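In what follows, subunit A forms one complex with subunit B and a second complex with subunit C.
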Partner chain A sequence: MFGGLKEKLQAARDRLGSSIQGAEANQAPATDAIETATDAAAKKTVSPGAPTFADKVKVLVIDRELIVSEKDISDALSELEMTLLESDVALPVCDAIIARVRTSLIGKHRKIGRSVDALVVGALKSALLEVLGNGFNLVDYIKTHSRPVKILFTGVNGTGKTTTVAKIGAYLKKQGYTVVIGGGDTYRAGAIEQIGVHAERIGLKIIQHQEGADPSAVLFDSVQYAVSHKIDVVLADTAGRFHTKSNLMSQLEKIRRVMKPDLVVYVDEAVAGNDAVIRAAEFDRTVGADAIVLTKVDMDSRGGAAISIAHTIGKPLMFLGTGQRYEDIMLFEPAQVVEELLGSDS
Partner chain B sequence: MADTTQPMTQSELMTLQHYLKEYGQQAEIFVSQLEMLENGRMEAFAAIETLQAMLSADDGIVLLQIGGGASVRAKVLEPDKILLSIGAEVVVERSNKDAAEFLKERIIEMEASQKNVAETLDRLRSQMNEINKRLESGYQQTVAAGQDQE
Partner chain C sequence: MLDNLSTSLKDALKKLAGKSVIDRAAVDELVKDLQRALISADVNVKLVMELSKAIRIRSLDEQLPKGTNVREHVLRIVYQELVRLVWASADIRLEPQIILMAGLQGSGKTTTTAKLARYFQKKGMKAGVICADTFRPGAYDQLSTLCAKINVPCFGNPLEKDAIKITREGLGNLKDLETVIVDTQGRHALEADLIKEIIELNNLTKATHRWLVIDAALGQQASEQARRFHEAINIDGVIITKMDGTAKGGGALSAVAETKSGIAFIGSGETIEDLERFDPDGFISRLLGMGDLKALLEKAEGAIKPDDIDVNAMMKGKFTLRDMYKQLEALNKMGPLKQIMGMLPMGNMELPEGVYDVTSTKMVRYRIIMDSMTPYELDDPSLINSSRMQRIARGAGATPDEVRELLKYFKMMQRTLKGLRSGGGKFNMQRLMKRFSGLQ
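Here is the complex of A and B:
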């Protein structure tokens, strides 16, 4: 997953580390010459933002530490910025990451001779965790809400919405929940059969009407079925649509009014990169979204959409689709993703 | 799946047909992704060639296509300053050599993605072949069973 980004981030991590190490080599020989300045300097406290010369002398001679300065890491940070942009990480997200890394590293005290790796990895990890948000645990959400929990899936065409509905259905069934699928995509040719086949394979009940029927009616019936049969979750599939199609967007608005979903989930493909981020923002603006699912993550080596989407639209990522099988879906856990990208601290 | 010694029922045959149709739709999506990647790759190759040609052209004159098969002779004032879209809708200025290097890296990425998509497509095709075989044998069994009854 995100092989290209992982490789580039590790190169950026090494570059940052060697920049800080290089600064140590430059500062250390000056120790003898500045020893006399230490008494006065030692009395001053070190300000984390912009260490003064006296601050540096104090920590270097008395504490045998170095303070990381802006100059030490500015080239490496520019390189990190390019790396992120080339990986399709949205510009505001990229700025947020750089700012966080800069704040974490500049003014940091480091014992001479100690590895800088942990320092750099720590800064990168906290920056990434900040932009990735907290994720969204669907099972926890279902546990704490009254049943049936109604989840409406929206998104553009061809991104894997129907397959995602099936995968989440299989996931929830495995977690011990009862699920009904609402076949609300009555527009696309073959969509009714497609979701029907999925439901049959997974062993889930599906509510469907004829092709061309009103999707609001199908999904209303699905909710009624769930209520009368005490089903835990309703997964409502809908036809793919672009946010620019006003008639389809007003249809979605009607579905929302009729079905009253607890969650609106936006589905898009990771391979769309920054386009997925822009579309998600548009959907959120027009119909709203509570969480996001990114599909085809296994085919996306850049990872830009996954890194940017939560920070850009301020809504959490819920699942990542990672393959063709029903079990190829993973709960989005930011700490796990960051661990995967950067490896361990040591 | 269905027992091969028993003739398949009508509904089993229909389910297999649905499977086949669904796999077919997925395969179409992957084929179009492969085409997009190939187009991107060819475009990058063409851009690298143009970048190199611009540097070697003494007078800096190139043919600029303006659409509809029409071109004009254009003089490139700064052939070593390339404005390059690096991703996330960000355009940066790079030297001619750096821009070509960037495009070469992009080509490698696209080739890796193509390999991924092609592997998935192969898996889908082999599953479709398998379903096709089952369908054919199912039809034959159904026809044979019908003839026995007559």
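Here is the complex of A and C:
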């Protein structure tokens, strides 16, 4: 997974490493000659801001350490920026990550002889981990909450909400939970048939009305059904909608008021570009989002959208959809993903 | 965020304005802003780099044509380079043809298939569709429901699992029709079996056109996917879907560059009529976040008949309910207000959010309420007191609250128009309205 991103990050990491190393080589021969001259200069400069040349030399000579400067890494950072952009990380998110790596690298004292790699990887890792947050374990969540746990799925058209509902239904069923699906997409032609077939194949109960019915009513009925039949989880599918359509968004708000979901799950696709950020923010603002499911991960080895969305709304990724079969779904574990992206240790 | 980008692009252009000698630093800055605008519109990063290099070189090297200033010169180059990228829009002929639809899962192939059938039907051709999506549950139901609404024959069999067999039967079944559109299952380029299937479908149907459906939100992946599809079945046109969201459709630009084809259609809504021919000018404006007056004017041309709107009265500040009635009617024909406002080159002007909130259903309600008013009330809304409000509400089958809401909306529109008239800046409503009237 995310093979493409991994490859590129590795390359960027090497570049960063080598440019810091290069800076070291440049500084080293100069030290002997200027040592005496800088003694005086060093006394004069007490500026706490950017390290002056004198500071650098002092640190180099006395502590046998190097200070990483902006100049040393700016080339490598702009390369990293390109890498992230090519991997579909949205522009503002990319800027944020770069800024984080820059501030955590610049001004760092580094003992000569200590691996540059460790420094760079550390900075990248912490920046990515911070963005991706902690995963979200649905099973743990269900265990600790009162039944039925009501989960509402939202997202724009064609991101794979219905398929995701079916996959999560199958996953929870395998974990031993009872599940009912609410067929809340009453708008799109064929949607009722689609989720109906899914439910039948997995062997789950589904609550549906006819096409054009009020989705809030359907989902309310689903919750009532779950309560009276002591069912563990309600998975509420909804029609895809664009965040720009205010009437559809207020319909979604109504759904939320009526069924009072415990979790609102925002579904988006891994192949989405910069727009992923805009719509995620808008959905989060209007109906909220507690967790994210990223679909169609098998289409794209870059996975930048995961980083963009997670960074924008600051909510954890719960699952990744990785194919067309019901079992093609995996829990998202950020630490593991970052580890995989940057290689464990070197 | 994107608004900020287009603002910075405009700022960069402003710096070039009035200069008679090309300023290297200013051009560099412009190119950098352009890069950012294009990248955040999801255009392929490599493509952006090539493009910006070309623009930079041409801007610095080419002689400044007499009579133009630097800003115009650079803008023209930017525009030319972008148009070169989008190529000509794909050729659409009204003749017997078979169209094969291809695309990723969830990009909107099935909806677009029905929209296309409707398009050709409206052009007077006998159209039919074949549902060759044997994988997704409900695919046949979806397509046949959509087709039933527009009276287009739809061939398919939800029980059959062999797409090739269905298509073969379908072609026989629909052979009397002039345009046959084959909807296929969503697939991505890494699924070898499915790519093999679509190659077979292409060989079987001997399709006249093979169109790739691209979601406007598709990111950097667009190039790669388009290239693979192109290798498999030689794509000769691209359709961008979901342009009614906030996505800029830069992915489609990458796809077009990759397949060396043109953009045939743009899908911009959920109803079956929401399909437009591609217009390069409008697309580029949207991509860069700069207004597109041309598209709006074309839309207005079709929708507004002479004396639909009394421009002069409005400009004099006499904006009555009657004007709003006509305006709502005209706007209804042009599409949602936000979409129209998005096409205007209003730059940094902010309209109150509430102006956009009038959805098409609300517009219909408003018109019904206004139908229940007397001519005096329409001319002078201040006449409306609570007893008149009761009468209007009863006549329109509405609540007094709704009437109040309408009046509130009217006041907001009135204020907005006033603001536009007196508002400074390069753009004002007056000029726009003049252009409107010039067309009539």
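FYI, the second predicted complex is superposed on the first by the 293 of 346 C-alpha atoms of A that agree within 3 Å, B and C clash if a C-alpha of one lies under 4 Å from a C-alpha of the other, contacts with A are read in each partner's own complex, and residues count from 1 in each chain.
Keep in mind that, in the parts below, a contact is a pair of C-beta atoms (placed from the backbone, for glycine too) under 8 Å apart; a residue touches a chain by one contact, two chains touch by 3 or more.
What you see is a predicted model, and the numbers here were worked out from it, not measured in a lab.
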Item checked: Partner chain(s) touched by A:D88 [first = subunit B, second = subunit C, both, neither] -> both
Next item on the list: Examine A:R279 and indicate which partner it touches, taking first as subunit B and second as subunit C; both and neither are also allowed.
Entry: second
Next item on the list: Using the touch definition from the top, say if A:H243 reaches subunit B (first), subunit C (second), both or neither.
Entry: second
Checklist line | Which partner, subunit B or subunit C, touches more subunit A residues | finding: C
Check: Of the partners subunit B and subunit C, which touch A:Q324 in the superposed model: first, second, both, neither?
Finding: both
Margin query: Taking the stated contact definition, name every residue in subunit A that is touched by subunit B in one complex and by subunit C in the other, in rising order.
Written below: 82, 85-88, 90-91, 158, 190, 193-194, 196-197, 271, 273-274, 298-299, 302, 304, 324
Note to self: For a test of understanding, state which residues of subunit A touch subunit C in their complex under the given definition.
What the structure shows: 82, 85-88, 90-92, 156-160, 187-198, 201, 211, 242-247, 269, 271-279, 282, 295-296, 298-300, 302, 304-305, 324
Notebook entry, point to check: Once bound in the complex, which stretches of subunit C touch subunit A?
Noted result: 1-2, 36, 39-42, 45-46, 104-108, 110, 135-143, 145-146, 188, 190, 215-222, 225, 241-242, 244-248, 250-251, 270, 338, 356-357, 359, 361
Next item on the list: Within their complex, state which residues of subunit A touch subunit B.
Entry: 3-4, 82, 84-91, 94, 158, 190, 193-194, 196-197, 200, 271, 273-274, 298-299, 301-302, 304, 308, 324
Next item on the list: Under the touch definition given earlier, write down the residues of subunit B that touch subunit A in their complex.
Entry: 15, 18-19, 21-22, 25-26, 29, 33, 86-90, 92, 102, 109, 112-113, 116-117, 120, 123-124
